[in-house]
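Each chain carries a letter (A, B, C and D) given by its place in the written order, and its residues are counted from 1.
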Amino acid sequence: MTTTSLRKLIAGSSIALGLAGFGTAAVAQDEGPIRVGILHSLSGTMAISESTLKDEMLMLIAKQNDAGGLLGRKLEPVVMDPASDWSLYAEQARDMLTGDDRVDVIFGNWTSASRKAVLPVVEELNGLLFYPVQYEGEESSENIFYTGAAPNQQAIPAVDYLMSQGVERWALLGTDYVYPRTTNKILEAYLKANGVADDDIMVNYTPFGFSDWQSIVSQVKDFGSQGKKTAVVSTINGDANVPFYNELANQGISAGDIPVVAFSVGEQELTGIDTAPLVGHMAAWNYFMSVDSDANYDFIDDWVAYTGNDQAVTNDPMEAHFIGFNMWAQAVEKAGTTDVDAVKDSIIGVTVPNLSGGASTMMPNHHITKPVMIGEIQDDGQFSVVWQTPTTVAGDAWSDYLPESKNLISDWRAPLRCGKLDVESMTCEDGPGAE
Amino acid sequence: MSTFKEQPARAPLRGRNIKLLLCLLMAWSLSFISQSVFAATSSEPRALLEALDTGNFQAKGVAAQAIADSDAEQKTRWLQALLDGRLGKERRGERFYIVTDDSGREWPIIDAITFEDAGTGTRRTVDIFKINNDLRTQIEGLLASLSLSAGDEASRLAAARQLIGEIEADNAASVRQMRNEEESDAVRQPLDVALALYDVQQGDAEALDTLRGNLDTRIRNTLVPIAAGDSPLAAEARSVLDGIESKRVWYDRAQTLFFGLSAGSILVLAAIGLAITFGVMGVINMAHGELIMIGAYTTWLIQQALPGQPGLALALAIPGGFLVAGAFGVVIERTVIRFLKGRPLETLLATFGLSLILQQLVRSVFSPLNRRVTSPEWMQGAWQINEALAFTLNRLGVLLFCLAVFAALWALMRFTRLGLEVRAVTQNRAMARAMGVRATRVDMLTFGLGAGVAGLAGVALSQLTNVGPNLGQSYIVDSFLVVVFGGVGNLWGTLVAGMSLGVINQVLQPWVGAVLAKIIVLVGVILFIQKRPQGIFAPKGRTS
Amino acid sequence: MTTQATLSGRDRSRQAFLSRSTLVTSLVLIVGMLLVLVLNALPASNALHVSGATVALLGKYFTYMLLALAVDLIWGYLGILSLGHGAFFALGGYAMGLYLNAQTSALPGWQAMMTYFPVAALMVLLAPGLLALAFGWLAFRSRVTGVYFSIITQALTFALMLAFNRNEMGLGGSTGLTRFYELMGFSLSSEGMTVALFVASGVAVLLAFWLCRAITVSRLGRVSLATRDAEARMRFIGYRVDHVKLALFVVSAMIAGVAGALYVPQVGIINPSTFAPLFSIEVVVWVALGGRATLYGALLGALVVNYLKTVLTGAMPDAWLFILGALFVLVTMVLPQGIAGVIAKWRGRRRAAVRPGQREASA
Amino acid sequence: MSGLESARFGRLRELARPDRVFDFMAPAQSPVDVRHGPILYLEDVSVSFDGFQAINGLNLTIDDGELRCIIGPNGAGKTTMMDIITGKTRPDTGQVWFGSRHNLLALDEPQIANLGIGRKFQKPTVFEALDVTENLELAMAGERRVWKTLLARLDHEGQARIDEVLETIGLNDERYRLAGVLSHGQKQWLEIGMLLMQRPRLLLVDEPVAGMTEPEMHRTAELLTRLAGQQSVVVVEHDMGFVRSIARQVTVLHQGSVLAEGSMDAVSSDPRVIEVYLGGDEESA
């Protein structure tokens, strides 16, 4: 780790220059504990979302160790705090992936910006990163495994559901950053392809942490009072949600009038909101805490026991880490080593049970298959699942609804090994296959 | 669980709702209606509940209707439990349960048919019947028609209001008859509007007069297609629409002004404490936001201590938030600020450190997650003036609270001994001291006061936004901006600056969007400061 | 106030470029850089080997030191407290980011010109420089001073953050610019490049340090100190205070821009969070901690705080903010002149300069 | 001028003989045009702050080479008048001309200073972080542009001038001490020294002897009278004894306008002056 090398540097400077010529035997890679890096912010603005994931990873690792570890070796967590600072994410990822005490895998990140910061580092140093959060897609890295939802695993099915409920007008509200922008671009294209007129789509962006929702909510109210059934598709980010829902409730917009379907509001976000006025508003995820399966009940029991908090909630990114961790563990068993290249090859096709009673498979594009669910908010802060895809949906790295990416696919299997393959021209734009 | 493709459109449901509305209107003949329109079927309770055990929400709707139509004596309780998500079936069993308390992980349950105690259940053992939005609306209607309140004036009024735009040929006559039999003027009025709208749709230009100036959007929506033609009716409809539109514009302006003032009141509340510590004492308090956060957390704690009484808790939180944040302020002043007298920039560094500590403290003590603060009844909903103008109560409450805090603070500075001493110390420390003012005590109290007011801002913010460790951070930049824009050391300046920034922002928002509006406001303030380098209320006069 | 006796002898170094502190600082920088290079060249098996990651980390520290230097030049010597210097840093970074992006893919519109290194290098200086020129011209001309100036710099960087977050800017929205592969034809991921960037950053720190030193020992430096302490007086003896401020502000912004440009290839990303007011405040904290109005103090402050951040976020992720926060509080209260003040004291030599702030206390 | 008066000032006039004036004190080349009359001309100047009429229809003319004392009770508008002349405060109405060519209302402080108007403040303001020599160096007439100051070196001539001024103001032994640690009187002298370095055509001196000892006061009086003739000097002072010792022409300000003007004797016998100033406010002087 860099801290240790810095200490060495200081030691080195106290000894006279170049005097120290003695070497030490390199530590063999396949001995000692397997090191699992956890790169989630524990302070700063993202701590609110990410710190639970750190705890969950510690729980999963402890459980794995109780079951005998992996390949007969114990797992050892390496926790750092990138403090919601993107450059620290990159710095700490580099730190984790260099030196004798290099980690074998990293579970981490929440925001796209932080993932983009870490991406070049894990590619350069050939690390493994499991990213557990729904994101905007349009990316596929050889070294990253996307266990959260791609837009086709969340946004598009949610819109399908609303259309089936008779919704004809669409207010796309989002926080002004890449995920909402890309998702809304995809949704707009999708809605128009389904015959929705331009006038029936309203798009609005607000800054991070926005709280003065009055005029926007009243605009939406106006937009929704034109006689057609209207719904809000919300990609509003974290902190802005509480004032948004408060304003909705106070302006008297109930789920019966204008339902809101959110992509970034889960059980954890609801713990900070009084949900009584919000009953019936929706969220689209791949997992809800209320999902009816024994795997889920076991997981919740474990989580409650681990945190010692009777009220502890679980959410979708936690399921993503659960799946990701189990996939990685299984891939390591299969490969018989933690060697990154071996694991990268062996993990494709690995299938593990997910928490909703089915199974998820790692696809060649490093995304996984998941069911998509729509949940309605209940007054106890939980979601009640009102609809679910009959089968799991495979994550699509490159959206079919955007003109610039509709011909692109990603396939990291041996002969192709390409993250950005144009299927028309059969040219690879990114990845080892490009050469 | 069904996929959405199996579900047909919603039309039948809507038709059923109209029927419900009509029966709600007929107060006096409720029992007659419920027996004649929906002939009651008597069937075995088990079978009624069994029908709910389906993944198809439409089938569930039919089952719920069947329960309502049945003569089962438990039907109200069943429907209520279904609505609350507390009715369920034993997993891998045949019994039906009602959950009496679903707050924990182990629920006390009773048998749904006999209402006998059935021990406890968990998610694993009880399969709760789920409902969705449409079903919820339907069950609420069913419950209303079953309840004793059905037929009283309030529910008749509500039903009448909902009829606007829903009258069709097959029910027009019966509505007209009901209108004539209706005794209450209040209920008759919306019925008149509904009927007039129907008449206009049938080509009756006379009926338009009833609609003139009515701001209901359903009227506008119905009239817009009618106004599109060349006929005299269309021309008349256009003039009615124009009248509605111009009336609406004024209400919209009033609404925007309210939005602006309420947004401004938050800025003022967040900044006014800073106007004291920074404006009066010259302390650049970067931990100001965290003091706001402390006020918000105090509200939460008091609410935790008084479960079920959010109103009382909020009332107590006002002095509570003030005192707790004020106490923190006094401690900060005594331990840190005091030693940095006359070094304003170094207070920036020290208080920045303090803000990091306080934030992390909250994360360690209360967890990094947001806390849930419920609003009391009287802070929820809106005060509806008319269709176009409504004052949301929480915003209105915060606006009034802000003005009250400002007035109190102003009076304190103007009329009390402490205020006099504060002003004396600010203007000439040495002189004040020579005249017997205990400057150190005044400093402590001033900082405590500023911190306490920040705490009050936190109490107010807890009603509007997240209560979490990041709460304070998001207000610090805005707070400083407001104080500087208003003119450092001037309470009135802070009020005017905060309110005008709020209004400008809300006026711009519909035009350019929230992000650009914020950017424009920021750039505007920058340029304004060039014009008036000391803010709106610059201290004038000879400075030497 | 310090005793008169100690101040009666003139501190000759104040007008000489090569003072002892300049020599020591330069020497420490050069020797430190060479040491790192030598230790890095050792085989990896050697206990004293310094890894590429550490070199990259030190390179990043260098860019922070450069930024701290820029802030100290105007805050320490001219009394202008900018709480928005992160904006200039970020602009330099974006200019470099565009250039790096242009190496692998064609950029649209005006951005295409960033393909050429000389243009990009010019933009690294021009973008922050012109912004500082426009902003400073407005502000200094109308005599916006003190805390008013500080707050509007904060508003500036906040507005820029919001603007750069917008996708319409064509600069990657909130994700910013990333996926850099090549710099001047060399792969960014090679260890050679890491070392080269480290050296470049170190040399930049050294040059900027000398530049700042040259400015502060010149008559202009005395003019700026005088402006810091008695701005009105300077006007009455005929100095165009606004010009002096504007010139140094622009120079400072350009140094910050260079820092940003060197930062980006080493970190691999630039995004709008660099514009966040909090980052700019942090930079001021580095300078204050190191010792305001001493150039080496600014360098030290940036190094110490960031090193602590690196160590503590890894070693005690749950408690590091307590430690850092407490450090800031303690330093202000116990060491009002920062680390540099301790060093000066330790060397038994009082700083000749009267610190701002002490002046008010003594008056 | 009465015979009595000329006898009193005889010794001073001796000192002030043009050939006794050191050449370093000669004003720098100033573009001011005094061929057509006075060097400073204020006509009907008024200014108010928040309703307080600080200057009210003030008319004042200073001739080239004149030494003028301005007296008046507190709040009479003396400092505000100086602020207006030096460009710090803009009057609401009126005209201010420097010579017959320069309209001072169109210029800002540095421009006015560079035209050759120097000012000494009531509260001594010197650059406390710089030493005495550096203070003088900055005040030295010469190039003020940023780039030039960056490259400027203190040349031999400049050093010589600094030495001479140091000698004059008696701070030779303190030349390398920080201005911030000087005594109050020394700061006053340093500020006067800075004025001398500026070599202005017109000196505005606000309470030069406040906080000075008796001998220092004498030295100041000597210096100011010596300067007059070559330069025009306007002194605002409370100390009547000091005013009496240097004044030839005295202007009394009251409530923002001129109450009386004339020789010290004439003014001090004016009943209006006695009423507003000499009578009521003697102890404050």
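Note that a contact is a pair of C-beta atoms (placed from the backbone, for glycine too) under 8 Å apart; a residue touches a chain by one contact, two chains touch by 3 or more.
A quick map from chain label to UniProt name: A = Urea ABC transporter substrate-binding protein; B = Urea ABC transporter permease subunit UrtB; C = Urea ABC transporter permease subunit UrtC; D = Urea ABC transporter ATP-binding protein UrtD.
Model, not experiment: these values are computed from the prediction.
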item: Each chain counted as touching chain B and chain D at once; value: C
item: Chain whose averaged C-alpha position falls nearest the assembly-wide average; value: C
item: Inter-centroid spacing, chain C versus chain B (mean Cα positions, whole Å); value: 45
item: Approximate Å spacing (C-alpha centroids) for the pair chain A, chain D; value: 74
item: Whole-Å gap separating chain A and chain B, where each centre is the average of the chain's CA atoms; value: 30
item: Residue list for chain D, restricted to those that touch at least two other chains; value: 121
item: Overlap residues in chain B, where contacts from two or more other chains coincide; value: 359-360, 473, 515, 518
item: Touching two or more other chains - residue numbers and ranges from chain C; value: 162, 165-166, 318, 321
item: Partner chain B, residues of chain C touching it in the complex; value: 81, 135, 138-139, 141-145, 147-148, 151-152, 154-156, 158-159, 162-163, 165-166, 277-278, 281, 284-285, 288-289, 318-319, 321-322, 324-329, 331-333, 336, 357, 360-361
item: Chain A-touching residues of chain B, taken from the complex the two chains share; value: 1, 3-5, 7, 9-10, 57, 84-85, 102-105, 123-124, 127-128, 130-134, 136-137, 217-218, 221, 255-256, 259, 262-263, 266, 359-360, 363, 367-375, 380-382, 384, 390, 392-395, 464-470, 473-474, 502, 505-506, 509-510, 513-515, 518
item: Partner chain C, residues of chain A touching it in the complex; value: 1-3, 5-6, 8-9, 11-13, 15, 17-18, 20-26, 42-43, 79-83, 85-88, 90-92, 94-95, 97-99, 111-113, 116-117, 119-121, 123-124, 176-178, 181, 205, 207-208
item: Chain B contact footprint on chain A (complex, rising order); value: 42-43, 45, 47-48, 51-52, 160-161, 164-166, 176, 204-207, 209-212, 214-216, 218-219, 222, 225-227, 229, 239, 242-243, 246-247, 249-252, 255-256, 259, 268-269, 271-274, 276-277, 279-280, 290, 292, 294, 297, 304, 310, 376, 378-381, 384-390
item: Parts of chain B lying in touch with chain C, wherever the complex brings them together; value: 278, 284, 286, 336, 339-350, 352-357, 359-361, 364, 473, 477, 480-481, 484, 488, 515, 518-519, 522-523, 525-527, 529-531, 533-535
